[in-house]
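Chain nomenclature is as follows: A, B, C, D and E, assigned in order of appearance, with residue numbering initiated at 1 for each chain independently.
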């Protein structure tokens, strides 16, 4: 590990933030179009974040502050390990386990911080968020374990690399269609997109965990959210949609995947949290198990289709 | 009952991804906000030329957002106040009731609707034609017939039909209670009439009392400024109705008939109580009043209510002056005159009748006897007309005829000598009074009518009221309006007619009275008796010469101070016709003012 | 429609001790009931189809020193309204709740208490404030309460005259 | 009042104001009847988001509070409470007549007359109620005011806290919200 | 587990309007709910006693912000009943047109409104933009977007502008195309079904117990309890329309009824356009004189009409003076907004609380007045 690794890491961090924020801004315009309007400027998301950072903040105790730092730290650390089109800050450390572990730190930091605010809406939101996480994580993890089993590696970049070469047919989403569906649905849950956004539902629990954040805390939460989105979309992209052979291809695929998620979520109402759990355990979990069984016992989709 | 589920139906919403949004373009929101509809109730505008400052908008405003602000730069005219509505956009609810009720049609609403400011003062504004931002926005909401909130039509007054001419029965029947309530409900209480009325009567207040069916209160309001309400309720010149704000777009309120309704319909006990309620404890001071005409009576009443001892001198047998001897019975019945005078008597005013000041008692003696003297002698003489033949014995004047007729109807005198064919010279209300009195006398005496009239003024500029003309012609008067008298044709010492010429103009370039005739258009109105009613003048015989020197008399009128005080003779006050010209209500006002002046004078003297 | 209303009115008149009847329109009539008979009346009316309580309210008859309680019932089948009126003493305004007949009366009574100060025995919650918070004057819908005075005392107004005066002859907007 | 023409912000504050101006989140609180024109303003027809504005669920996140018309005393307590929860810089836009001088309810026993006695107001909109176009224009005005550093109501509130508190207590008796409403 | 007290409102995105519900929750389940009204209390009933009969016109629309016209109608109707005035035929038809347009507007908004609590914002955005077109039409007829002040005692305030019926007809054509898209997006949506179906029930006995009217009542009782049918006012007896009913009242049923009522309103409006007299007066005076001095004969009357949320009534007492003696307002959402919440929000989930308010139609300003 050299200084260069950290410089690369920093570059990835910065690029990820700028890229994702731009994509978010773009998607706000896409959303607007579905809603028959023009929508904000493409860089609105940047303005929002910087505005929030500029505002004054109030703290609700050190857990509240520390949780934010911890979450941001965890997430930033995770971003560094995400391989982007073969470009890695720390080669050979892009292990799925590391990523999901670090991601969890971020999640827990948020949960801790939100709970530290003492607002009951936040508590409900956190409990919903954790329930939600539990709901999508089990099917997703089964599928990812299936992948690891099939490819014999836990390295994200290697899994991504193995899908390349056969065009679209090489993608895991095609090779293991049920697993792809599970991953795609789980992505909604991970991103907190409708229909699985009950933990931030404004009309029900007043934005849930976010309820007490204002000013700089909120700014950090926004940055965190952008980075987390980047991690989650990248993970699914790398694992199931073939990553990218070059930065450009990667960026395009990324944008398409994210926009697809967004436009689907715009015509979806949200599930109640119990319905979301039921849904995940009824459809994706079954799919995931079937996919696992198919891969393990039939070996379909491991090397090529059939 | 319920819709079936469909998994893919919602995805149809994606088609809007590529369609044009429904959003209004930025230009239409920010640069030039969309034009509002034609009826839009935006910010106000007010045409100051039309606005009369009546304040009706302020009265209807349910939010108290409109207040009337005095604009010093505006002139006060009859029928206009120098106030303009000011709007408080911290109150306004944009209901446009003010627009619907605007009597002068000046207040409107524009299509403008954007006003933003940090400065609160900018939400208070006095609208003019340019609106809030001085930009002359397009007109939005305006009043129309349907949204009208005023009642522009008078309640019709019932009149006797043309058979009235057979007797001296009162022509106007008076309002019933329903009619009076309906008429009083039309009032918008602007108070412009109060400003116009010479006596400044509390017109809106007593109309409100009628509306509330509180006649006693109404009488109280009347007697605050006018003790001759019975008379004024019948024959007032009603300047107020000319100024009435409703008259701008419709018919004025029948203020005079409403006043008459009050005095005719109030139970006499209530009436008396209201009138006498003003009388206060006696104070030290005696005032003598010369002449019991409107101004004298008015001065007497108010002085009496202030507690002074008051003596009124009247040369004739019955007090009242012009109201007892001038107005014709069919307009001003004896009973109502006597009611007014009786009320004043009840307050304790002492009448000394059949006593002519100047002959029976001199003004000097009055000066000694009283602390102050009020002169309200009126115009008791007819102005003579100097044309050939006017010295004939059958040439009569208006005032003696009217007085004799009143006396005849009272039974205290014989019928005036009326010929079968008469002509009346003059076009004023008095001339019509004369003509119509003659007509009734003729019917009584001869059973038929032959009364002609001749006046310089043609129909369009006739000084008399329109209703006099209409009713008079209906009764059979043959008018030669616009024909001036040239001479009274006398043959064999008998009048045979009046020669008249068509009038080209009455006044010359300097606006002096100098009639010009078209001699080619002339004819003779046949008549054996001529009545002249071309104006009245005062009789100042009681005023001694040294007094005359001290006072200023211009064109027959005495110049006085604000409260009727003669400048160099502080004990002498004057009022009525001799100060302001022939008009009952002016007389009443003068009397009231003088009473106030006398009170001030006596108080300062007693100190 | 008039017929069915006449029938109902006749029925009501037969069964109840009606002090006074008034036909308001062809779908609406009012009855005055003694203070003591209201519960019986409402029960009876409910049993003949006036199943819905539309509103309970009160009128302050300050001239007679009385409060008039108004119960408006709705008969959906026939499309009729009946207004049941009863007078209670104004100085000591208290009445018995009708919650046991119409549970929906709970909040109406609470509101009447808040606005007029009429207490309802048997409705425990009727003593609590409903719409107002920290109220410090007589009940506001009584006729002797003047909101203008209260408003002037509590909530200052802008002196518009002053602002206008500064504008005369000055800058117009 | 802070002198408005005097621009003594440093560069950072100017940049900060630029961001503040272009991203205004309004608080999702319908205090009065003017709120009925907010849905059209927010949604597709007028699309408030074009200005970078959007609704936010909680006072902590919001930049601007819209006082949409009359305020009953009961609401005013909540408004003050949540205004104080908002993070600086924060702005108040007052809608319609009622906030200026009581509006239709000038003689009501339950509504206040002058909003600026209790909380500082940055911008008033005339109308009862203001149309969405007027509201949009007001937002545009607010944006330019913030850019110029003229929307300083929040600072004024801090500096004159005593005065505001006194007025609040005078009219409301208590500013603290009681929630023991039923039980 | 200990119960937690939560405030749904007044400052809460799930709450429409300035209203509050205090909820005691155990997990996600509401154990106890208490309504907290009064945030919008302005003392209307007192203020109306201090305004002229005509001046109240500025006040009454503001009682219910989302649907002001019913106030005007119910007030005007009450005064006409007291004053025994017959209004011109054309005015009846115009009134009906205004009322149905208002119903259309609020139903469209309400239909979009379910997008709020359920998170289907696209629906909300569409619906409110669509409603705005109706407001534009209102602006042309009455001169204002929201507070129309158009239906006045004695008729309507002004004649209809030229060509407005054609414009209305075009708008109806457009709505007939656009509204079904809401069905595609919303009512057919499987997740909406999941959230609304068999949820937030309203049993029939509860309807009678609490006194709920309107859609809630009709969806539970299966009877056409609609004042437009039961006690026809204006000219509702001369147009054909159906009253959608159901005997099972869950949230989905109520939304569906709302959807169907939109088409019934369109149907009524089409008949109004066709049958409205072309010529004729639209206003009579309720009293003589100027509006400052209009009087209404002494008496008391309960005037009620069918609003989008149920029976909306004014109880008007006149003592024969220029101002009302007492006016009591029966807001249509009074039962469901107060007692309804207290009794029947219990055992709902937090998620459903705002849906309850939405589908039952709770309009806070008319509760608070």
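Note that in this section a residue touches a chain if its C-beta (ideal position, glycine included) is under 8 Å from a C-beta of that chain, and two chains touch if they have at least 3 such contacts.
Nothing here was measured: the structure is a model prediction, and the numbers come from that model.
Student: Any chains in contact with both subunit A and subunit C?
Tutor: The common neighbours are B, D, E.
Student: Taking each chain's centre as the average of its Cα atoms, which is closest to the average over all protein Cα atoms shown?
Tutor: Measuring from the global C-alpha mean, the nearest chain centre belongs to E.
Student: Report the chain whose mean Cα position is at the greatest distance from that of subunit E.
Tutor: That would be chain B.
Student: Could you let me know which interface, D-E or A-B, is made of more C-beta pairs in contact?
Tutor: D-E
Student: Which chain has its C-alpha centroid farthest away from the centroid of subunit A?
Tutor: The chain farthest from subunit A, judged by C-alpha centres, is B.
Student: Suppose each chain is reduced to the average of its Cα coordinates; what separation in Å results between subunit C and subunit D?
Tutor: It comes to 37 Å between the two C-alpha centres.
Student: Between subunit C and subunit E, what is the gap in Å from one C-alpha centre to the other?
Tutor: 22
Student: CA centre of subunit B versus CA centre of subunit E: separation in Å?
Tutor: Taking the mean C-alpha position of each chain, the two centres sit 53 Å apart.
Student: In subunit E, what residues contact two or more other chains?
Tutor: 5, 12-13, 38, 41, 43, 46-47, 50, 58-59, 62, 122, 125-126, 129, 147, 185, 189, 368
Student: Listing for subunit B: what residues touch at least two other chains?
Tutor: 10, 13, 21-23, 36, 62-63, 88, 90, 93-94, 120
Student: Scan subunit C for residues touching two or more other chains and write them down.
Tutor: Answer for subunit C, listing residues that touch two or more other chains: 129, 131-133, 140, 145, 147-148, 158, 160.
Student: Looking at the whole structure, which two-chain pairs count as touching?
Tutor: In this structure, the chains touch in these pairs: A-B, A-D, A-E, B-C, B-D, B-E, C-D, C-E, D-E.
Student: Using the touch definition from the top, list the residues of subunit D that touch subunit E in their complex.
Tutor: Against subunit E, subunit D makes touches at 27-33, 35-37, 39-40, 42-45, 55, 57-59, 70, 72, 74-75, 78, 82, 104-105, 107-111, 128-129, 131, 179, 181-183.
Student: Can you name the residues of subunit B that touch subunit E in the complex?
Tutor: Touch residues, subunit B against subunit E: 1-7, 9-10, 12-13, 22-23, 36-41, 56, 59-63, 93-97, 100-101, 109, 140-141, 144, 146-147, 149-151, 181-182, 184-189, 211.
Student: Could you list, by residue number, the parts of subunit B that touch subunit A in their complex?
Tutor: Answer in residue numbers: 10-11, 13-14, 16-19, 21-23.
Student: State the interface residues of subunit B toward subunit D in the complex, per the touch definition above.
Tutor: The contact residues of subunit B facing subunit D are 21-24, 26, 29-30, 33-34, 36, 43, 62-65, 88-94, 113-118, 120, 123.
Student: In the complex formed with subunit B, which residues of subunit A make contact?
Tutor: 30, 32-38, 263, 266-268
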